[in-house]
Amino acid sequence: MVPLSYYLVLSGILFACGVVGFLIKRNIITIFMSIELMLNGVNLSFVAFAARWQQLSGQVFVFFVMVVAAAEAAVGLAIIIALFRTRETLNIDQVNLLKL
Amino acid sequence: MNWLDKNILTLITFAPAVGAVLLLFFPRRHRDIRVFALVISLLTFVLSLHLPAHFNRGLPGFQFDRDLPWISSPNIHYHMGIDGISMWLIVLTTFLAPLCVLISWKSIDDRVKEFFILLLILETSLIGVFVSLDLFLFYFFWEATLIPMALLIGIYGHGRKVYAAVKFFLYTMIASVFMLASILWLYAKTGSFDFVTLQNAIHSGSIPEFSGTVPLLLFLGFFIAFAVKVPLFPFHTWLPDAHVEAPTAGSVLLAGVLLKMGTYGMLRFNLGLFPEQSRVNASWIVVLALIGIVYGALVAMVQPNMKKLIAYSSISHLGFVVLGIFSFTQAGLNGAMFIMLAHGISTGGLFMLAGILYERRHTYEISDFGGLATPMPTYSTFFLFMVLASLGLPLLNGFVGEFLVLSGAFQAKMWWGVVAATGVIWSACYLLWMYQRVIFGKVKHAENNLLPDLLLRERIALWPTAIMALAMGVAPLLWLNTIDPAVHNVLAPFTQLASRMVGQ
Amino acid sequence: MAIFQTTQTLPQSIDYIRILPEIVLSIFGMIIMLLDPVMDERRSQRTLGLIALAGTIVALAATVYQAQVRFWGLGFFGMVKVDAFSVFFHFVVISVTLLVILSSYEYMEVQQIRAGEYYGLILFGAVGMALMSSAMELVLIFIALEISSISTYILAGFRRRSAISSESSVKYFLLGSFATAFFLYGVALMFGATGSTSIDRISTVLAEYSGTGHGPLLAYLGVALMFVGLGFKVAAAPFHVWTPDVYEGAPSPVVGFMSTAPKAAVFAVLLRIIFEIHAPGGPWLIWVAAALSMTIGNLAALVQNNVKRLLAYSSIAHAGYLLVAFASLPKNGIPAAMFYTASYAAMNVGAFAVIGHFAGAGERFVTLEDYTGLGKRSPVLAAILTIFLLSLIGIPITGGFFAKFYVFSAAMQGSHPLVGLVIIGVINSGVAAYYYLRVIVVMYMREPRDEEVPVTPISTGLGFALGLSLAATIFLGVYPNPVLKYAALSVGLLH
Amino acid sequence: MTPNLHLWLIPILPLIGAAINGFFGRRFSRQAVAAVALGFCGAAFAMALWIAAQFSSLALPHVEVLTSWLNSGNFSVDYSFALDQLSLVMLLIVTGVGFLIHVYSVGYMWEEGGYYRFFSYLNLFMFFMLTLILASNYLLMFVGWEGVGLASYLLIGFFFIRDSAAAAGKKAFIVNRIGDFGFLIALFLMIKHFGSLDFQKVFDAVKPYSPETAGVGFLTAIALLLLLGACGKSAQIPLYVWLPDAMEGPTPVSALIHAATMVTAGVYMISRSHVIFERAPSALMVVAIIGTLTAFFAATIGIAQTDIKKVLAYSTISQLGYMFMACGVAAFSAGIFHLMTHAFFKGLLFLAAGSVIHAVGGEQDMRRMGGLRKKIPWTFWTMTFATIAISGLPPFAGFFSKDEILWRAYQASWIYWLVGVITAFLTSFYMFRLLFMTFFGEYRGDAEGVYGHDEHDGHANHAGSDGHDSRAGAPAPHGHGHGHGGIHESPAIMLVPLVILAVLSLVGGWVGIPGSLGGGNHFDKFLGPVFRSSTPAVNPEHAQPGETAPPEQTTEGSEPKTGHSTEIIFTGISVGAGLLGLFLAWLLYIHSPELPDRIAGSMHGLYSAVAHKYWIDELYAWLFVKPLIAISGVVFWRGIDQGTIDAALNGSADGARDLSDEVRHMQSGNLRSYAGWIAVGAAAMIAYMVWMGLRTQ
Amino acid sequence: MLHLILFSVFGAICVAGAVNLLLQSHPINSALSLVVVMGSLAVEFLLLGAEFVAAIQVIVYAGAVMVLFVFVIMLLNAGVEERTSGSRVAWLLGIPAVLAGMVIVCWALVTHSNAGSAAIGALPGHPADIAQLLFHQFLLPFEVTSILVLIAIMGAVVLAARSQTVERSKREG
């Protein structure tokens, strides 16, 4: 028996790692990966809570999250490609035409 | 009540707006536009004459009352009605509007259509302010005056017109949001925006939360909005800028009517809704008014610019009005009301005269003139007449109001009256000095030699003001007869208050 | 297990009626997608636009049909709920879509953007937004939110050849996904706190909890995190930072679209969460967010020279005003917020339509300097923009005035009136007048520059769009009663 | 039942004339203008005579209420007119002298531009002056009071092309306004205490009060404030400064307004308010002191003036001082008496001076005159009459009135009397100085130069004024563009009024020959009812003999305290003083004309002070005008308005802009920063909500 | 006990992968770390009984999605991260905020989640049960997902399609 809160803390840590990644990474693709990391953390929470409430809808939710993540990945990478075409960089620090 | 009596206020209020909408679809033929605007404004004036003609001064309360539900939740009514106070302000507005059209006949030759549309919209919103008995409706019109006025200044003005327009707009807008907050509080506690209902609720003490510092804050919320509009020292600095840069018609309506919105508001709402707070706060308000009277006059004296001078003189005159209002005496309030009307006429006339000069010379600097009596004798005569009216010569309109206000103030507190009475000296100083520098002496600038005297159109615009100035001075009873009972009603809570205090 | 105990096995026709507008929009979207490849590129602009327009009109009709009281109720096993509230937001969202399509018409040609995907994305996006307002299940809300978000991510980058457009798209996408993750985490915690993702169920559970005093801390956390996500979508401070950049870079009609329709939908969701779930601690959270949004939005807008950016900051501020209603009592707050949403949608879509028209090919003319003397060069356009700006300031006879008034009025009600928030709000609305006025000032009070900025005549579509949004703005400002009454119906439904 | 006299017509008639001339005069010929002006003014005079004729049959005071003017709460003011002995006297003086001056003006102004304007103003003045006199309440009186100020302003500034004239008009108006300020406050005090401004009601309300001998009560305050008003209008210290400048106006104006009528309004007003003044002994004393001081002070200035009109101006101030002195010692009827005789001889003096000026082509400097006796004999003789009258030599009018004042002054305090006698000496001196310098000796003017210059001016004048609309206003004020040169006598239309006034200067005093000289002092008796009707309720223990006005019996003429012999001695002294002045003037200006310069040289400081009018104008400018303008401009306008309020506003606007710039920089364009902000916001929200959650648990 | 060990081991791998993702400067390494995280998460899912989810995690997530990532990285030829001047806000405000937020959330989860303990396979998520839910109660979201996917396809096509002219000008308007 493992306290479910362990799972929850693990998910929290993963989520936080994702956020940190978003903050410190410069490559846009890596930043995007950090977001995936955050989503994975959330998924773990869903599954853990599903176990806590004995509700399968939590697992279904994970299913939907994954679909969305996949769709996002497709769109996101396309957007990144489009950006790369005009700017020829993947460094987010250089993507700053729009400011102030 | 017949149909006309029921709907007359609506008609008067929206006639100019309808005219403005029709103007939208007019072809851009300037002459037609001008004539049409004139016709509309005259029509409005004629309509507004229905009010004094059928006003029953024996009845207390509001007349020509029209109360229709407009919006169910929040409980907003289309509630209009007038008493002896607002009636004359409406007539003043409709009276000045055709003159504004006339005076702008030739001086506005660019974007003419827009000008007259703005002017007519402005007229509607000004009238709306005075007829509204629903606080929302009042605020609605109150805010609605801002834009046409700001645009008139900003588009058709001169010099630093943008600065002036923005300053005017922001200054008055920011001040009036405090009023909005107060109105909303009142609505929240009573569920009504209706002036009469609110008044009854407050006076009967049926609002439990109306205690502690709340009444004071509400009072101040209203007061700041009005004080800026008046403008009371030290909130006055927008006025000179706005006036100097405004086109003539804008100045006329600004000084003639817009400023009165502030004093009217004080009279109607500060006194009407918060009698106790008014009384408690009267002392410092009066001090500000007194400072305004003297300060405005002294600053007016040293202005090198004619319009600025008149603007500062307005500050001084409006100081009298505030003084009269917060003296809580019958004479003071009557006088305040009378000055509002008289100032509208005489200052309107002065601004028109200044505008006529500007049309010819494109300057308001006093030093650019001098000796105008020689090329422009009729002009000089009108100018003198308006100057005299403005400085309060007996038998002209300025005197009656000033006299009553001073006498009221004197009854309230002697030194108020004494300080304010120095105003009669100052006004003579700045006005006559300006008159001397502009009109008398030899013609200093050669180009002034050839200035044409008044044109027929300009005379038509000026004569009514002159006649009114005289009529108001000689036969003030025509006005005071209806003002007096209304003021009596306004003061009723104060006498009750006083008697209650005595009774305790 | 409980989940298998369902009385119905298949959705009935009434269920489909309850998502009828969405179905209509999807079908039209698909028609466009199917037609796009087979049509000549020149002709497709016009035809596809017309189809999209027809789609929105039919969807509006569907909404009206759906609005009958007999169709009210839950559908699709408690997934969606049709009531006055959802109908109201359906109407707003689809109307905005219609206006945007009308105003995009000309824009597409000028900017040489391929129409097929554009109209398709707008219609599909509208499906998501419409669903959000009727969704009763966080899962569906999440999916719908993603539909609307992803479609707007793409739309923001639609001027592919423009560096700033793709940058705007990337920023929007990354930050949007970032915020979605927060929202999702919030949903997870809410699920953890209540064991359900159904709004009805959550509110029941939380109502039970309110006595025990133990447990809802997770709900608090969930609300906070969900608010991060939703606050981001509505551009509420401190989650507003993306707004100016994205709005500046995105195509103008798209900005008009994404600053109104998704916002309206997300506000609908927020309303459900705040008022239907009785989100614990919600009002106080919103108090801070509202005050911050108003102040930051207005302050930052004061010195902007790019009109799109300026309106972006203004939309932050408006989100703040709107949030004021959320902090109020439901009785007044809900209709106030709904009304504000509607009038904001009308004026903002209109304003961006004008801006988009004026910007010209490649959106070159978007700074204040470009607007100098517009009042002379194109009086009609300037006058229309002026009215929208006045409405944004909150000047009478426009919807903006009434909306603001109503929101502040709502905040003043109740035993603990939000006097402080209202004061912040009214002062802000005074200060805000300055920057809108700057636009009016340059249009009317400055002489045109030497280098003439071309003003093209208004096309029919744009004319319709402007006329409609103008009419809506004025109507809401003069006779708001029917709209308010309808909005007030929702009070009992949510509360 | 008294008949309805339609008193309101008296002021209205000239107003109609003013209106006709003002609106249509531009298109009239000069004759028509003159006819209108004279017609309406004459009609008023005729009406005054008609009223005088049936005066004895009237129940006095005769009040006619026309209609209501003002109404505010319980307070109301009517357009109402009253007639009693006092106003009848004033009425006759004003309409009579006014009419004569109108006639004179027809000739005097013939060559000037703006002819219609002049007569319109003149008639307007008559309207206001008659309103002032006939008013039966203080407010209506104030209307006239301000109105005559307006007319004065207009007429002084008639030659508006000259800056000095325009400035003088403005100065007159403003200084008068200072007085009006006092008047107004007095009115407010009356309203406060009596609730009315009606003479009858106010006086009835005042009557029960006993004199405020101890301290300053409100009656004293009212009296002093009224005095301030009177000082302004009647050019008393400290507000006399406007009158000398007012000589910028055309000479008939000086005669009418600044000698005969308007300036005496102050005296009239004080006499009218005697009920109040009698109950405010300290105020009365102030009146007397001011009068005495002014009389002496102005006379000393008059000695050294060289401008013929300025001399007369200071002499007017001085004579008004006498009248104030009379009022101050409660000898109101004596004051009015002097007012009347002064109207005759001073009006005459001005008209004659105008004739002289007319003759020498606009020259006003007496040093450039001389020897005119032969050339303009009518003028010379009439002027001599007037000079004798003003010098107080019997049997001319001035003698009787001045003598009565001095005698009554002596009864109050010998100091008043002494100063009065010295003043009489000075008056006699400078008046004869004027006469001698102007008419005797050799002509010192540079006739050719003057005329050459004059012709030139005249042409310019014609060029401007020949256009009938007289747009030129008033070109070349004193340049009379006669076709013929040389010093010449004035036309008959100007001389007739001179002669009439000269006769009046001689016989005008005979209506008030005091008992001591065998007369009946009918004038005093005639006015008696007005001034007696309000005897204060004397409280013997409070009344102090030296200061309180003697009770009304004294005005009867029979003196209980001192006998006729004493009075005759004093009469002799004052006549002697007048003769002494005459002698001294003869000595200095006829016998040895080089002497004055030597004396002036030896007393340089004093002479300079006197010649420069004690630098009072400069003092006022330095004390009040300049600081006021400087403070208004530098401190108020630049300092407070622009420097503080506007600067604060603009500053806060700039501050907002700076702040805005700061906020803007949150938007660095860097996505990671944005995420940072979001993270911060999220963390803050989380922390806040957890805190809220824990708190509620 | 086995449960705890398995949880700890794979949890540790998971966190290590996440941290490695952050530390690696080459995106391809980060992507591989993410695959590790996802794989070990799949195990954690299994431990909780969510077999269907775990399977999808491996197939869809670690498989398809990550392949897409790697593919794009290769396509764009992304190299080692440049050490550009970063964002001070992110470092000075963001990181502390994240850490603080994480601590608060974890503390709240531990103390207030009231979650209890679970044995291995606490809630078996059989595909049949999940399908039952998905095609019944969650029918609408499931169908709507198709629109989402449709949009994603459209977006990818629109954005990634090579345009004729690539504007190199930095900033317009």
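Think of it as A, B, C, D and E in the order they're written, each chain with its own count starting at 1.
Methods note: contacts are C-beta pairs under 8 Å (C-beta built on N, C-alpha and C of every residue); 3 or more make two chains touch, one makes a residue touch a chain.
Owing to the predicted nature of the structure, the values given are computational and were not obtained by experimental measurement.
Engineer: Any chance you could name the chains that touch chain A and chain D both?
Structural biologist: Both chain A and chain D are touched by C, E, going by the contact rule given at the top.
Engineer: Please state whether B-D or C-D has more C-beta contact pairs across its interface.
Structural biologist: Counting C-beta pairs in contact, B-D comes out ahead.
Engineer: Greatest Cα-centroid separation from chain B: which chain?
Structural biologist: E
Engineer: What chain lies closest to the overall centre, CA atoms only?
Structural biologist: B
Engineer: Would you mind pulling out the distance in Å between where the CA atoms of chain A average out and where those of chain C do?
Structural biologist: Spacing between the chain centres: roughly 25 Å.
Engineer: Distance between chain A and chain E based on Cα centroids, please, to the nearest Å.
Structural biologist: 4
Engineer: Just the number, please: Cα centre separation of chain B and chain C in whole Å.
Structural biologist: Centres of chain B and chain C (C-alpha means) sit 42 Å apart.
Engineer: Round to the nearest whole Å and give the separation of the Cα centres of chain D and chain E.
Structural biologist: So the centre of chain D lies 100 Å away from the centre of chain E.
Engineer: Where in chain C do residues touch two or more of the other chains?
Structural biologist: Answer for chain C, listing residues that touch two or more other chains: 3, 139, 143, 146, 150, 153-154, 157, 160-164, 169-171, 174, 178, 192, 214, 217, 221, 244-245, 431.
Engineer: For chain A, give me the residues that contact two or more of the other chains.
Structural biologist: Correct list: 8, 15, 18-19, 22-24, 26, 31-32, 48-50, 52, 55-57, 60, 64, 68, 71-72, 75, 79-80, 82, 85-86, 92-93, 95-99.
Engineer: Can you list the residues of chain E that touch 2 or more other chains?
Structural biologist: 86-87, 90-91, 94, 98, 101, 105, 108-109, 113, 115, 133, 137-138, 141, 145, 148, 151-152, 155, 157-159, 163, 166-167, 170-171
Engineer: Can you work out from the touch definition every pair of chains that touches here?
Structural biologist: All touching pairs, sorted by chain label, are A-C, A-D, A-E, B-C, B-D, C-D, C-E, D-E.
Engineer: Which stretch or stretches of chain D touch chain B in the complex?
Structural biologist: My answer: residues 68-75, 139, 142-143, 146-147, 150, 153, 157, 160-163, 165-167, 169-170, 173-174, 177-178, 180-181, 184-185, 187-189, 191-192, 469, 471-473, 628-629, 631-633, 636-637, 640-641, 645-646, 649.
Engineer: Can you list the residues on chain C that touch chain E in the complex?
Structural biologist: Listed in rising order, the residues of chain C that touch chain E are 3-4, 6, 9, 11, 19, 26, 30, 33, 76-80, 114, 117, 120-121, 124-125, 127-128, 131, 137, 139-140, 143-144, 146-147, 150-151, 153-154, 157-158, 160-164, 169, 192, 214-215, 217-218, 221, 359, 362-367.
Engineer: Over in the complex, which chain B residues touch chain C? Could you list them?
Structural biologist: Going through chain B, the ones touching chain C are 70-74, 111, 114, 125, 136, 139-141, 143-144, 146-147, 150-151, 154-155, 161-162, 165-166, 169-170, 173-178, 180-181, 184-185, 187-188.
Engineer: Where on chain E does chain A make contact in their complex?
Structural biologist: 3-4, 7, 11, 14-15, 18-19, 21-22, 27, 30-31, 34, 37-38, 41, 44-45, 47-50, 52-53, 56-57, 60-61, 64-65, 68-69, 72-73, 75-76, 78, 81-82, 84-87, 90-91, 94-95, 98-99, 101-102, 105-106, 109-110, 113, 115-119, 122-123, 125, 129-130, 133-134, 137-138, 141, 145, 148-149, 151-153, 155-160, 162-163, 166-168, 170-171
Engineer: For the complex, which residues does chain B have touching chain D?
Structural biologist: Touching chain D from chain B are residues 167, 171, 234, 236-237, 240, 295, 298-299, 301-303, 329-331, 334-335, 371, 373-375, 377, 388, 393-395, 399-400, 403-404, 406-407, 410-411, 414, 417-418, 421-422, 424-425, 428-429, 432-433, 435-436, 439-442, 475-477, 480-481, 484, 488.
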